[in-house]
Structure formats: structure tokens, C-alpha cells
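Okay, got some structures for you below.
Each of the two complexes below includes chain A, the first together with chain B, the second together with chain C.
And now, the complex of A and B:
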């Protein structure tokens, strides 16, 4: 029943999308400057059908309707309601439906919310967006249908991978999808802008909010994913340069570059073609990431079942998308001949863009190189953190420096200012204090620490200055402050992290340089869909004589049979104490991984601060539009 | 100029897509078994007890050698250890243990508790050297002959059948 209803709604979405394409085509030839109300109506119907189809799938999950293959394979009637709901998008087919919903949502929002724009630009954007929607609907119906039926109906489902049963991970995919699928709307708008030849400023204004929204969700999505990895994977790390993590980071780099270059474009100073290239590139990177993750050509901690036929479809789509974009770009690209002074704001913004594109290149090569090498020569290599750290870290120094000095230059031209100032003196002082406290000998790390301190001090100083003048560019200040703090805390965390691995039996005590860890008790519990073995550990700090109780768990899930190791983390603002245990088969010895990780919460807070800047900018724009 | 850019970009993308298309049909899981029959690479390995190193070239002096990658923190290593002790009694077979990403104290305790079957004990503190042998996870065991050719590769703990198989190969 739900299956038929779901398919009906999908066909409804397909029909309305085709109608919109037909109407927009017809409208391209019309001379008047009004978009007919029919298009608005169809767009509303499309939104209704698409959201309804998603709700039908959601309902099937909530009711545990195992007549749907998708629900049978990914859910179980014993599962807590929250995870039944998140199970909807925790698999390939369901997440594809979410993809389509976001494409449709952004299509309607763009149509209804974009005001005072050129008609043909708006119509063409809608046309391209609906071509994307149609392609994904065909993919869904022919290859990855979440509403496929199963007969006879099984009594029980197979269950959701327990590692995905986590609140952070339940909201991680929707956030990321809004981020990178949302970028589709400025991909469509960029192609539309080329063909309709609208002026650069109107284009910048019409896409800026969308870029901000997708950038914000992408940032928060990546953050939530990192927090999940930190708590759930039990390795004590939060970023692994895993190919799938890289797939979310690549669009983020382009979005960040885009966000900055729009600032230039908004002021009619140039960069039109470049902004268009970035708009196209963001969504291209998103689809590339999706291809890498779903086709199974990469090995990763992420758990999409691999299927070459899916890969082939996404690859064909990517080919079509890239070549049409290249064709449209070269046929219609606008002419520009603007020159700027080296010491102007836009020069610094262009520098930011080069850094972002460089970072993108490094991550893209690191991710793709093993695949290409394997295919061409057959040799298998693995590109890991050392590659990224080695290549990316040195470039943080000039980036931090440009972020510090760039924003204080004026548009178009500027006089060279003296380098010596109060902020620099303060930064050097702060750095020397830090250096004295951490006693780190590595020159590169010290330079990075110094320049992050310089950026933090400068942004705080800017905040004070602009507050006096009541002309506050608060969003930039908050985001740059967030970035400076992020880099600072990542390195401090790196320097002061402690890790010990050892084996313990119940009742034994292990002494490390600063800590004493006692294995006090072991308990077994049966919980709804898993059995839990809980270890009680007493960790005392020899330095300040405090002690904490930590309770790591080993969980044995029955559907599907999986063992997970739950870290126990005692967390405060300045330091996390992290303990995981795993059993060694046929013995009563447990392997213990004990870690002390300073400033983890401040790392998360820094990313929140970074994304908060985007939100503030978004609302500032809305306020300006109203005035 | 515009036309040249157009062509270059299109060609580059085409090449990329062709390779990605080919990669769809490839075997994805890393299978180190295909190293069997190849020679091991010449690698300097740090010795566990001293600061000296030892080169895998020296293994040509042995008729057969087993390279075993282990760590005290690894449960399956504990399980396979009695089998290594069994292998250590074979005369024309030398055992090289490579302690993988481990702490010295723990490793010493492990050998004290379970016995030390190794003729030479090396260490690979950060796991980099082991990659030269195609080892990413432990335990793994490689059997080589005097020409340094890999005869067998065991991924995961050795069981008694593996021990018997090694006995047979070495006796021939």
C-alpha cells in the first residue's frame, strides 16, 4: 500500500518536473517580462509530491512496513523510534530520495524567493534545475527505488548498522545534503546567467544567499560528522582524511572560495567568469564526491553498499554535466578586462581563492590518485594523513597571514601600510607566552601557531575598532576568528595529546607518566537491541590529584550481529579523557586505549564560530534587502 | 586561445572519465596474496633490543625464514603465539618477529608471558616498514625462501593447519 503510494508521488514529481521543463521552454520564446502563474503552480505541486513521497517512506520506516525491500534491509521493529526515522536516509535509496527532495525544495525556493531578477535568467535556472531533478528521478526509478516491494512480507527486518545508530550521525547526512545538493541551485543559476547574459552584479546578488546557506550547512555537516567519528569510531581522532570525508571537504573549499569572490563581484569589480566557474565547480565536486562514495571504487569507513551500476549512472551523469557546462561556458563566457592593484582587497580575495583551489587540488589528487594508479598500473597505494599534513600545513602560514592583513585593505587600491603596529607587538608577546608554555621545537608548528595568534589578535582588534566606528562587519570577524582559533587549537591539541595502549585484567592497575588507571569492575547488561559489557575504570591524575570514573562499553548487537566499542569520554572545556576497551578472545585480558586530548570542545566551538559568521552574513543581507 | 583552452579542458576531462570508468570494473579489496611469488624488498629493520639495524638481504643465509608481524595489543596475535612457538622448533626455519606499532614494555611482557619464539626481533614503531611487505594489519606472516621469494602469506592468526602446511613446505 505504502509502496504504491510512494511510487505514485514519485511519478507525480516526475510529471510536474516535465511540465515545468516544457513550460519554461515555451516561455523562453515569449516576449513579456512576467513568469506565468502556471509555472508557480506546477512548482508548488512538484514540491508537494516530492515531500509527500519522502513522508511515505518515513512512515514506512516508523510503522516498520517490511513489505518495502528498503525498510526490510535497513530497519527492525525493535529499533528506537529516533533511529527508525534516521534509517530513512541511512541507506543509498532513501538518501537519493532526500537528494531529490532538496533539489526540488531549492528549485521552488529559488522561484518564489528570488525577486527583481531578469525573467529569462530565472526561467533558465528553473529549466536547468529541473533537468537535474529529472535525471535523478530516472536514476531512482530505474536503479535505486526505495519503494520496491517484497513478497511474501517478512516478519522482521535486518536492522540498521549499529555504528550508524548515533544522534550525531542521524542528522549528519541531511545537513551535508542541504549543503552540497543545495549547491545545485547556483550551478543551474550560473549556466542560466551565461545564456541569459545578465549583468554580474544581479547574478552575484541572486546567488549569494544560496551560497551562504549551502556553505553553512556544509560546514555544520562536516563538524557533526567529525564529532561522530570522534565519539563513535573509538580511535580518538576526529579527522582521518578518509576519501569520504575528503568528498565533503572538496565542495567546501570551492564554496568558501565562491563566498569570497562574490564579495568582489557584488561591487561590480570583476571576476564574473571566475565566479561562474566556481559555481559550476561546487556542484561538480559534490557529484564527484557522490560518485566516489556510492560507486564503491574507494574503500572507506563509510558504509554504502557498493554497486558498479550505480557508479556507471552517476559517472554518465557527471560526464554529461561537465561537458554541457564546458560547452555552455566557452560558447557564452562574458568578456572581462579589469585590473586591480596588488594591495587591494580584491587582490587578497583572489589570493584566498588560489589557496582554496590549491587545497582542493591537493585533496582531489590525494583522493583520486590511488584509484587512477590502480586502474592504470595495477599497483595499490594508500594516501594517508602524512601526505596531507606535509603538503597542506606549510600553506596555512601564508593563508593565515593573508586573512590577517587582507580585510583591512580598501577596495580597488590602497597605500602600503607600515607593518609595525600594536597588533603585531601583542601577537608576538602572546606567541612568546605560548612558546614558553608548550616548548615546541618544530619551526613549522611554531610559525603556524604564531600566525594563528596574529589572526586571532587582529580580528579581536578589528572587532573593537569597528565597534567604535559602529560599522561592524561582524560576520567576517566571527568567521576569521573561528578559523584562527580552529587552527590554533588543532595544533595545541596535536602537541599535548597523550595516548597509551596496554592490556589489563579486572582489578589490575596501570601507571603512566601522569595517570594511574585502575580496572575496578565489569558488568553485563541487556538493553533493547544489544547486550552491553561495561568496564568501570578509575583514572587519577598524579599532578593535580583529581580522579574520574570512566565506563567504556563493548556492545554486541544481534541484528545484524555486530560488535561496537563505545568510548567513554570525560569531557570539559579544556581537556577530554578518553578510554576504550576491547576484549581479547579466549582470555580475561582487555586491551585498553587511554588518551588525553586537550581542547577538543574548543575545536568544535571554533568550527561553530566559523559557521556562525555565515549565518550572521545571511541575516545581515536579508535586513539590508528589506531596507 | 579560447578554442585551445576548450580543447585542452575537454581532453583532460575525457581522460579522467575514461580512467574512472575503467576503475568501476576493478577489484576493490586490497589483496596482498598477489605478492606471493615475488621477492620481498630490501629493507633496513630496527632491532628491538638495540639501536642497530638489520637488512633483509641477510636472510639469504637462511634456508627458510618466517616474518611475523605482531603486537602486544593485538588479541589474535596472542592466539596465534603458541603456533609460532611450535614453528620455532623446526631446524631449517628461522623466525623473525616484527613488533608492530607497540610499546617496548608491553611487548617485553608479552614475550615473557607467552615465550619468545623469534631468532631475531625487529620493531616497526610507526608501521611504515611493514608497508614494504604489504602489511597493513596484524597479525600477518610471510614465509620466504633463501632467494627472498615469498612462498606463502598468511593474513590473520596462524592456525594449526597453517603450521602443518609450513612444516610440509620446509621439509621438501
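And now, the complex of A and C:
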């Protein structure tokens, strides 16, 4: 029943999308300057059908309707309601439906919210966006239908992978999807801008909000995914340079570049072609990432849905998309005055873009190289964290420096110059204090720490200045401050992290340099959909005589049978105490991993600060529009 | 200017190789892929495979092997797939140099782009 209803709504979406394509195509030849109300109506219907189909699938999950193959394979009636809901997008078919919903949502929002824009630009954007929608609908219907029926109807489902049963994991895919699927709208808009030949400034203004929105969600999505990895995977790390993580980072780099270069395009004519290229590249990177994740050609912790036939479809789509974009780009390439002069401030923005594209390049090379090498020569190599750290870390230094000096370059007067020096003196002082506290002897790390402190100090000064003068970009200050703090805390965290691995029996005590860890008790519990073995540990600090109780768990899920190790984390603003235990087969000995990780919460807060800058910019923009 | 940057980067690379006095065994284990797991390092895994490798590495350190010798030993036995830090070889030459090439091409490109302006404000 729900299956048929779902398919009906999908067909409805398909039909309305086709109608929109037909109408917009017809409208291209019309001479009047008004978008017919028919298009608006169809867009509303399309949105209604698409959201309804998603709700039908959601309902099927909530009601545990196992007549749907998708629900049977990924859910179980015993599962808590929250995870039944998140199970909807915790699998390939469901997430594809969510993907389509976001394409449709952005299509409608663009149509209804973009005002005072060129008609043919709007119409063409809608046309391209709906071509994307159609392609993914066909993919959904022919290859990955979440509404496929199962007969006879099984009594019980197979259950959701327990590692996916987690609040942070449940919400981070929708966040990331809004981020990188949202980038589709400026992909479509870029192609439309080329063909309709609208001027660069109105293009910049019309896509800026969308770039900000997708950038914000992408940033927060990466943050939540990272927090999830930190406490759920039980290794105490938060970024593994895993291919799936890289796939979310690649569009982020391009979005960040785009965000900066739009600032130029908004005010001046320069960089039009480049902004178009970046707009196209963002969505291309999103689809590339999706291809890498879904096709299963990568080995990753996060892989949950891989199948070669899906890979083939996405790859063909990707190739088609890239080649048609290139074709459109060269056929309609804007005739730009290439001899524009680049003023100081813009040179810095271009430098930012170069760094972003460089980072993108490194991550892309690191992710794809092993795959290509394997295909061509058959030899397998791994590219892991050491590679990325070694190549990327030195480039943080010039990046941090450019972020410090770039934004202030334009208004350096003598008055400010003295302030500038004061900042430098203060930064050196702060750095020396840090240096004597941490006694780190690695030059690279020290340089990175110094330049991050310099950036932090400078942005704090800018913040103070912005209260005196009114013309300073506060969102930039907040974001750059967030980035400076992020790098600073990442390195401080790296230096001060303590880790001990040892084996312990119940009742035993382990003494490390600064801590005493006592294995106090062991308890078994039966929770709704799993059994849990809980260890009670008492961790006391020898220095300040405080003690904490930590309770790591080993969970045994039976639907499907999986064992997970739940870390117990005692978290406060300045330091996390992190403990995981795992059983060693056939013994009563437990392997304990004990870690003290300083400033974890400050790392998360820095990323929030970074994304907050985007939000402020968004609202500042809205306010300016009203005035 | 370019030469200075090149020299600086080489200099930094040499320095970033030394990792302070972190526990050698942990450092090695963090650079090894657990072959039976999905994207975990040997250090982070408690699988039988990881436990074996852990004890092998421990023994090798006791025997007086240095980090590089241990990597070579393991890659001869399990292939380069086990090393998360791909060694510089013919097959990984591009992997290591393409990024730098990319960066310097960019610098040259930007250099010409930015050189052009008629005096700005």
C-alpha cells in the first residue's frame, strides 16, 4: 500500500519535472518579460509530490512496513523511534530520495525567492535544475527504488547497522546533503548565466545566498560527522583523512573559494569566468564524492552503501555533466575584459582561491591515486594521514599569514600601521608564552602555532576596530578567528594528547605517569535492542587529586549481529578524558585504551565560530537588501 | 623569490619528518593499515591481525630495527597496502610530486596575473 503510494508520488514528481522542462523550454522563445504562473504552480506541485514521497517512506519506516524491501533490509520493529526515522536516509535508496528532495526544494526556493532577476536566466536555471532532477529520478526508479515491494511480507526486518544508530550520525547526512546537493542550484545558475549572458554582478548577487547556505550546512555537516567519528568509532581521533571524509571536504574547499571570489565579483567585473568555473566545480566535486562513496571502489569506515551498478550510473552521469558543462562553457564563454587590473585586496582573494584549489588538488590526488594505480598497474598502495599531514601542513603557514594580512591590506594607513606592529609584538609575546609552556621542538609546528596566534591576535584587534569604524566585515572577522583558533587548538591538542594502552582484569589498578586507573566493577544489562557490558572505572589524577568515574561499554546487537565498543568520555571545556575497553577473546582480560585529549570542545567551538561567520554574512546581506 | 619558497618548503619537509619523542611503537602502529578491518589503523584495532602486528613490531623494535626497516619488512610481507604513509617509489612518484607541481604552476600563473595591474590605489 505505502509502496504504491510512494511510487505514485515519485511518478508525480517525474511528471511535474517534465512539465517544467517543457514549459521552460517553450518559454525561452517567448518575448514577454514575465514568467507564467503555470511554472510557479508546477513547481509547487513538484515540491508537494516530492516531499510527500519522502514522508511516505518515513511513514513506512515508522510503521515498520516490511513489505518494502528497503525497510526490511534496514530496519527492525524493536528499534527506537528516532533511529527508525533516521533509518530513512541511512541507506542508499532512502538517501537518494532525500537527495532528490533537496534538488527539488532548491529548485522551488530559487524560483520563488530570486527577485528582480533576468527572466531567461531564471528560466534556464530552472531548466538545468530540472534536468538534474529528472536524471536522479530515473536513477531512483530504475536502479535504486526505495519503494520496491517484497512478497511474501516478512515478519521482521534485518535491522540497522548499530554503528549508524547514533544521534550525531543520524542528523549529519541531511546537513551534508543540504550542503553539497544545495550546490546544484548554483551549478544550474552558472550554466544559465553563460547562456543568458547576464551581467556578472547580478549573477554574483543571485547566487551569493545559496553559496552561503550550502557552505554553512557543509561546514556544520562535516563538524557533526567529525564529532560522531570522535566518540563513536572509539579511537579518540576526529579526522582520519578517510576517503569518505575527503569526499565531504572536497566540495567544501571549492565552496570556500567561491565564497571569497564572489565578494570580488559582487563589486567589480573581474573573475566572472572563474566564478562560473568554481560554481560548476562545486557540484561536480559533490557528485564525484558521491560516486567514490557509493560505487564501493574505496575502502572506508563510512561505506554503507556500495554497489558497482550504482557506480556506473553515477560515473556516466558525472562524465555527461562535466562534458556538457565544458561544452556550454566554451560555446558561451563570457567575453571578459582580460586586462582588468587586480588591486591589492583582490590579489589576496585570488591567493585564497589558489590555496583552496591546491588543497582540493592534494585531497583529490591522495584519494584517487591509489584507485588509478590499482586499475592501471594492479599494485595497491594506501594513502593515509601521514601523507596529508606532510604535504598540507607546511602550506598552512602562508595561508594563515595571508588570512592575517590580506583583509587589512587596503586600509593600511600610518595610524593602522602602528597598530599592525603592536599586533605583531603581542603575537610574538603570546607565542613565546605558548612556546615555554609546551616546549615543542618541531619547527614546523612552532611556525604554524605562531602564525595561528598572529591571525587570532589580528582578528581580535579587527574586532575591536570594527566597533570604532563601521565599515569592517564582521562575518569575515568571526570566520577567520574561528579558523585561526581551529588550527591552534588542533596542534595544541596534538601535542598534549596522552594515550595509554594496557590490559586489565576486574579489580586491578593501572598507574600511568599522571593517572591511576582502577577497574572497579563490571555489569551486564539488557537494553531494548542490544545487550550491554558496562565497565566501571575510577580515574584519579595524581596532580590535582580529582577523580572521575568512566563507564565504557561493549554492546552486542543481535539485529544484525554486531559488537560495538562505546567510549566513555568525561568532557569539559579544556580537556576530555577518554576511555574504551574491549574484550580479548577467551580470557577475562580487557584491553583498555585510556586517553587524555585537551581542548576537544574548543576545536568543535572553533568550527562553529567559523560557520557562524557565514550565518552573519547571510543575515547582513538580507538586511542590506531591505534597506 | 620562487627559490626561497622552494628552499623553505624543503627545509620544512625535513623538519616535519622528526616527530619529537613520541613513543616509537605507537608511531609505527599508527602508520599501518589493519588489513582485515575497514579503514582502521593497526594501532586502533583489536582484531587478531592487529594484535599479531603489534607484537611483531614490538619484537622488531627490541631486536634493534629502526622505523624504516620495520616498514620495509612489513611491506615485503604484506605489500605496500599496509603502509598508510606511501613510500617514495617509481609508482608513487607522481603522488608525492604532483601536489608541489600544482602549487608552483599556480604561483607562476598568479605571478603573471597579478603583475599586470596599472597602479592600484
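Operating definition for what follows: the second predicted complex is superposed on the first by the 604 of 627 C-alpha atoms of A that agree within 3 Å, B and C clash if a C-alpha of one lies under 4 Å from a C-alpha of the other, contacts with A are read in each partner's own complex, and residues count from 1 in each chain.
Criterion: a residue touches a chain if its C-beta (ideal position, glycine included) is under 8 Å from a C-beta of that chain, and two chains touch if they have at least 3 such contacts.
These numbers come from a predicted model, not from an experiment.
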| item | value |
| --- | --- |
| Room on chain A for both chain B and chain C (clash or fit) | clash |
| Touched partner set for A:425, first chain B, second chain C, both or neither | neither |
| Which of chain B and chain C A:582 touches, first, second, both or neither | both |
| Partner chain(s) touched by A:502 [first = chain B, second = chain C, both, neither] | first |
| A:433 touches, of chain B and chain C: first, second, both or neither? | neither |
| Which of chain B and chain C A:591 touches, first, second, both or neither | both |
| First, second, both or neither for A:320, with chain B first and chain C second | neither |
| Chain B versus chain C as contact partner of A:291, first or second or both or neither | first |
| Which superposed partner A:63 touches (first chain B, second chain C, both, neither) | neither |
| Which of chain B and chain C A:527 touches, first, second, both or neither | neither |
| More chain A residues in contact - chain B or chain C | C |
| Superposition clash, chain B against chain C - the stretch among 8-16, 44-52 or 80-88 that is involved | 44-52 |
| Footprint overlap on chain A, comparing chain B with chain C | 299, 380, 382, 501, 582, 584-585, 591 |
| Interfacial residue positions of chain A with respect to chain B in the complex | 291, 295-299, 306, 308, 311-312, 315, 318-319, 322-323, 326, 330, 333, 371-372, 374-376, 380, 382, 500-503, 582-587, 589, 591 |
| Touching residues on chain C, where the partner in the complex is chain A | 9, 12-13, 15-16, 18-20, 26, 30-31, 33, 38-41, 43-44, 46, 48, 79-86, 91-92, 94-96, 98-99, 102-103, 106-107, 110, 113-114, 116-118, 120-121 |
| In the complex with chain C, residue positions of chain A that touch it | 233-235, 237, 240, 242-243, 299-303, 339, 341-344, 347, 350-351, 354, 357-358, 361-362, 365-366, 369, 373, 377, 379-387, 389-391, 393-395, 397, 410, 440-444, 447, 499, 501, 582, 584-585, 591 |
| Residues of chain B touching chain A in the complex | 2, 5-6, 9-10, 13, 17, 19-26, 28-30, 72-73, 75-76, 78-79, 102-103, 106, 136 |
